[in-house]
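See the structures that follow.
One chain, chain A, appears in both complexes that follow, with chain B as partner in the first and chain C in the second.
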Partner chain A sequence: MNETSKDQDKEAGENQTVISLEGVSFGYSPEHPILQNITLTIPQGQWVCLVGPNGCGKSTLVKLLNALLPKSAGEIVVCGQKLEEETIGYIRQSIGMVFQNPDNQFIGATVEEDILFGLEGLCLSHAEMESRLHSYTQRLGIDHLLAKHPGELSGGQKQRVAIASILAMEPGIVIFDEASSMLDEGSRDELMGILHDMRAEGKYTILMITHDADEILATDRVLALQGGGLVADVTPAELFLNAELLERCHLQEPYAWGLAHELQKRGIQIDVPASEKELIDTLWP
Partner chain B sequence: MAIELQQVSYTYAERSLWKQTALHGIDLSIKQGSIVGIAGATGSGKSTLLQLFNGILKPTQGTVRVLDVTIKAGEKSPKLFPLRRRVGLVFQFPEQQMFEETVEKDLCFGPLNFGMSLDEAKERARKAMNDMGLDLKLLDRNPFRLSGGQMRKAAIASVLAMEPDVVVLDEPTATLDPISRAELIALLVRLCREQGRTIIIVTHRMDELLPYADSWIVLNEGSTAFQGSVKELAADPAILERCGLTVPQSLRYWRAVADRFGLDGENPRLTAESLAELIASLPAGKRDAHE
Partner chain C sequence: MNDKLLLGRSIETGSWVHKLDARAKITGMLLYVAVILLSRSWMAMALLALFSIAVMISTRIPLKYFLKAAKPLRYLMLFIFIVQLLSVKEGSVWLSIGSLSLHDGGLRLGSFAVIRMLFLITFTALLTFTTTPGKLNQGLEGILSPFKKLGLSPDRITLMLSIALRFIPTILDEAQIIMKAQASRGADLNELPLKEKGRMLVSLLVPIITSAFRRAQDLVYSMEARGFRMDAPRSQYHRLRWGAADTVFVIMFVVMGVAVSLV
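For the complex of A and B:
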């Protein structure tokens, strides 16, 4: 089973590269570089997470991809187009971004208008707009909120509206900048479910900034930033087995991993349990 | 009591067609010098509740008592200026409370506003930056050029700089990296245990606060579904599920071990380290027989 999934990954590896960065740097002033000499490629369909301590440049990096911030040096290619003045429009249509604070992306007077605003910009037919509006709001469990003003919603509801408005535009690349940080665990699980579905569909390349161990575990690949540079490109399991890297990235292992390690320290050799039931069954069969 | 609510309800836009009740008949009390966690699903009224704690919102029904100030629905409220100095509120989105040109000016604004000298205010600002683990070099920066996490720490620092008696934080650790999160919780615990401040934290990451909170309030659709100690919560975590929340992992693993060995009377072990220690002290069952 693992073998076949690896083979599939290999095929995915031969997939077209949708994001590539070559020697990319950025700073608000030359004396204070924020990102330095970043080189990486991401193939179509991959689910990648970007990790690192607060202030290491994660949000800056994703904002460079669609020129929300102008790179100071290097080359960025998105969906086969080199990022230049003339291609910004095309690139921005291929990348959907969900930010930390949903208030920063609301413009409509109602949830419905807010979601339709993005679709209007894509010159879709009315029927198509209606159909996407309903299918994505239903998927995110916000179809009962269509007539509400975004200001009336709670933090988590706002975040779901923001996500629906981005997904409705069906971009090939979706970037989540700590989009789950305001959600309660139930809503977060739902969001992770949506991301799993998106990954399975294969249409989306997902780039997710997160500090959350369980979210990191769900992804295909971890890119770690520290002090403005790329310091690791590993799988989630490799990350959580590397205590030194975890510390450098200011991350913590998932609870079950921590418990297994604490037990191992006390001479009880067990694998990371998948659930509390498995722990009990293993320890006291 | 630091805070007491009696039969408090809050309705948004009460005199309009769009009126919406966010809180219904809340009774609660928060002890001075304690750490209280507030949990609840999205839209359960947590942020509304916090805004009652320093008079940003006034109850539409009932009585709110904070320190020595009483705010009664329908009555003219007393002067809230002294209360706002003593109750510091950190909002969910830090960028909504930053406004100055530099981080230093932002941090000094509160202390200056409450009558401190500029030197004193700057001293407070530096201390708060250090407490939050922020580099003093950032004092000259424009707050809007900080990263999301740094901005959040600066916003918390600006509230701590006023040295309030009651610190109320709405999801303070969202967007912080896990190390910074643990450091922030440790700092808040110190402020409580060493200086007797009351700390109130709304969080959906119950795991990180569970080992430290003295008590919990769980909201469900604008009402209090649970109010009590961690021990009581650990005895029946299913209440969280009934309120649309997920039972935190630390609580699930503790329950599993406690159920297996009938440990209900004991203080719950809610960190990986303390639970592992307990497991190591329990009978090994068949586990050792195999070795």
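For the complex of A and C:
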């Protein structure tokens, strides 16, 4: 295969829609809908951020994608498969989910058992399980923790175990449901590092729920939900330049952006930076 | 090491007991219960103590960990001893105060009950100390597999047991947090009279149960998100292998049973 056809294949892969929702609604009762008529598509390889005020239906939406909750109406297609009773198994293999509380998603009694839980469910051979166990624990820097119990791990380490458990199952789509909200600053930076590495690999489509402005800034696309409906589909830059949308989503602009805007108001000519580091480098080259 | 962490957790030392098949250890423990019930004399008790301590030492786990396992039940043991002491009226009287008389038989039966209970708890802790929960599950599944024909689902039972065991420390943590939250609002359980304590404990139960349900729901999401489906086929990373050492281990308990019933 020559380079041009490889590039074409890669491009085709990147543009392929892996998640498609058409008129999806959900509610515990018809009188109180939680999500209404959601229509969207997400192409392969994109890092998408889901934002919105508490209770707007973000977590519900991602739980609908792999049938953790049953949709009330509409159509969901994941990796070319329409979500139905017969395809739930395939779709759950295609989508990995990392939840908010690392304590409540630890299934095994040790790190090793927790990672093996998903692999054993895939009915893999012993050699394949061993290879994935060691490969993903090394990659996430937790290979020395295999015999540890959840009580012996920090919050950041538990979240790494949760991510390793999911990545070891090799899903094409990984959902992070406020996965950084219970972590300290250091662990949060580590998590973002892992996400950047995943994007660089290009084989993952990432869907992330967060309220953190710096995390939103790192993504490719922002989907904003409010009152159970999709109210905006924008880039992070467009979101942070739209004061009304920021207010509706209960968000604040990133610290570096706010500082740059204040400096601009005081007559200092400065471009809006992508990060605090970039702002510092601009001010003190 | 935190007492709470000892609950249902293994302590790796690489001893010969650690290397045994979980099915052999579970069978051994079941036979041990029979051995305890067959021990009815001081000689049998001494033999039982010698055997139990020797096996515990051979695991290379410090004996204090085994004692820690029995510590939470110390008041129950004391209660059983006192009840036996006061209720059994066999043998000669060795102490008499007014209408209260303590007999030799009561002292003997009370001591036997406490010794039996102490060894039962400490020795069965050996099972969880030397076996990882995963292997314990596999062992239980193996032992229960013949009951499949009766409609029993061993994998469901072992899954329930492993999750229950896994959640004990988490629920204890939660209880501590709720107790501290209530204490910070002036309702310190330790400083209340007994009647109030009872009422407070009931008010503790509601948030603990609610929280346990929430955690259970999250765990179900996590399991389902990793493709778990009850009764779906699964492969096993660790396979159990029965060897000569396992047979010897089980025979040891049979021999002990015969020995204590003879002395």
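To be clear about the criterion, the second predicted complex is superposed on the first by the 252 of 285 C-alpha atoms of A that agree within 3 Å, B and C clash if a C-alpha of one lies under 4 Å from a C-alpha of the other, contacts with A are read in each partner's own complex, and residues count from 1 in each chain.
Basically, contacts are C-beta pairs under 8 Å (C-beta built on N, C-alpha and C of every residue); 3 or more make two chains touch, one makes a residue touch a chain.
Remember, it's a predicted structure, so these values are computed and weren't measured experimentally.
Undergrad: Considering only touches as defined above, state whether A:200 meets chain B (first), chain C (second), both or neither.
TA: It touches nothing on chain B or chain C.
Undergrad: With the two complexes superposed on chain A, say which partner A:101 touches: chain B (first), chain C (second), both, or neither.
TA: In the superposed model, A:101 contacts both chain B and chain C.
Undergrad: Give one of first, second, both or neither to describe whether A:110 is in contact with chain B, with chain C, with both, or with none.
TA: In the superposition, A:110 contacts chain C only.
Undergrad: Kindly classify A:283 by the partners it touches after superposition: chain B alone (first), chain C alone (second), both, or neither?
TA: first
Undergrad: On the A-aligned overlay, A:122 touches which partner chain: chain B = first, chain C = second, or both, or neither?
TA: Only chain C; A:122 stays clear of chain B.
Undergrad: According to the stated criteria, A:241 is in contact with first (chain B), second (chain C), both, or neither; which is it?
TA: neither
Undergrad: Which partner chains sit in contact with A:182 here, chain B, chain C, both or neither? Use first/second/both/neither.
TA: So A:182 only meets chain B here.
Undergrad: In the three-chain superposition, say which chain, chain B or chain C, touches more residues of chain A.
TA: Looking at chain B versus chain C, the one contacting more residues of chain A is B.
Undergrad: Taking the stated contact definition, name every residue in chain A that is touched by chain B in one complex and by chain C in the other, in rising order.
TA: 101, 103, 152.
Undergrad: Could you pull out which chain C residues touch chain A in their complex?
TA: Of all residues in chain C, those touching chain A are 2, 4-5, 8-9, 12, 132-134, 162-163, 165-166, 169-170, 215, 218-219, 221-229, 232-237, 239.
Undergrad: Given the complex with chain C, which residues does chain A contribute to the contact?
TA: 63, 66, 68, 89, 92-93, 95-97, 99, 101, 103-110, 112-113, 116-126, 129-130, 133, 147, 149-152, 165-166, 169
Undergrad: With touch defined as at the start, can you tell me which chain A residues reach chain B in the complex?
TA: 28, 52-60, 100-101, 103, 152-157, 177-178, 181-189, 211, 213, 247, 249-252, 254-256, 258-259, 261-263, 265-268, 276-277, 279-280, 282-285
Undergrad: Give every residue of chain B touching chain A within the complex, in rising order.
TA: The contact residues of chain B facing chain A are 12, 18, 20, 40-44, 47, 92-93, 95-96, 145-150, 153, 171, 174-182, 204, 207, 244-246, 248-250, 252-253, 255-257, 260, 272-273, 275-277, 279-280, 284-287.
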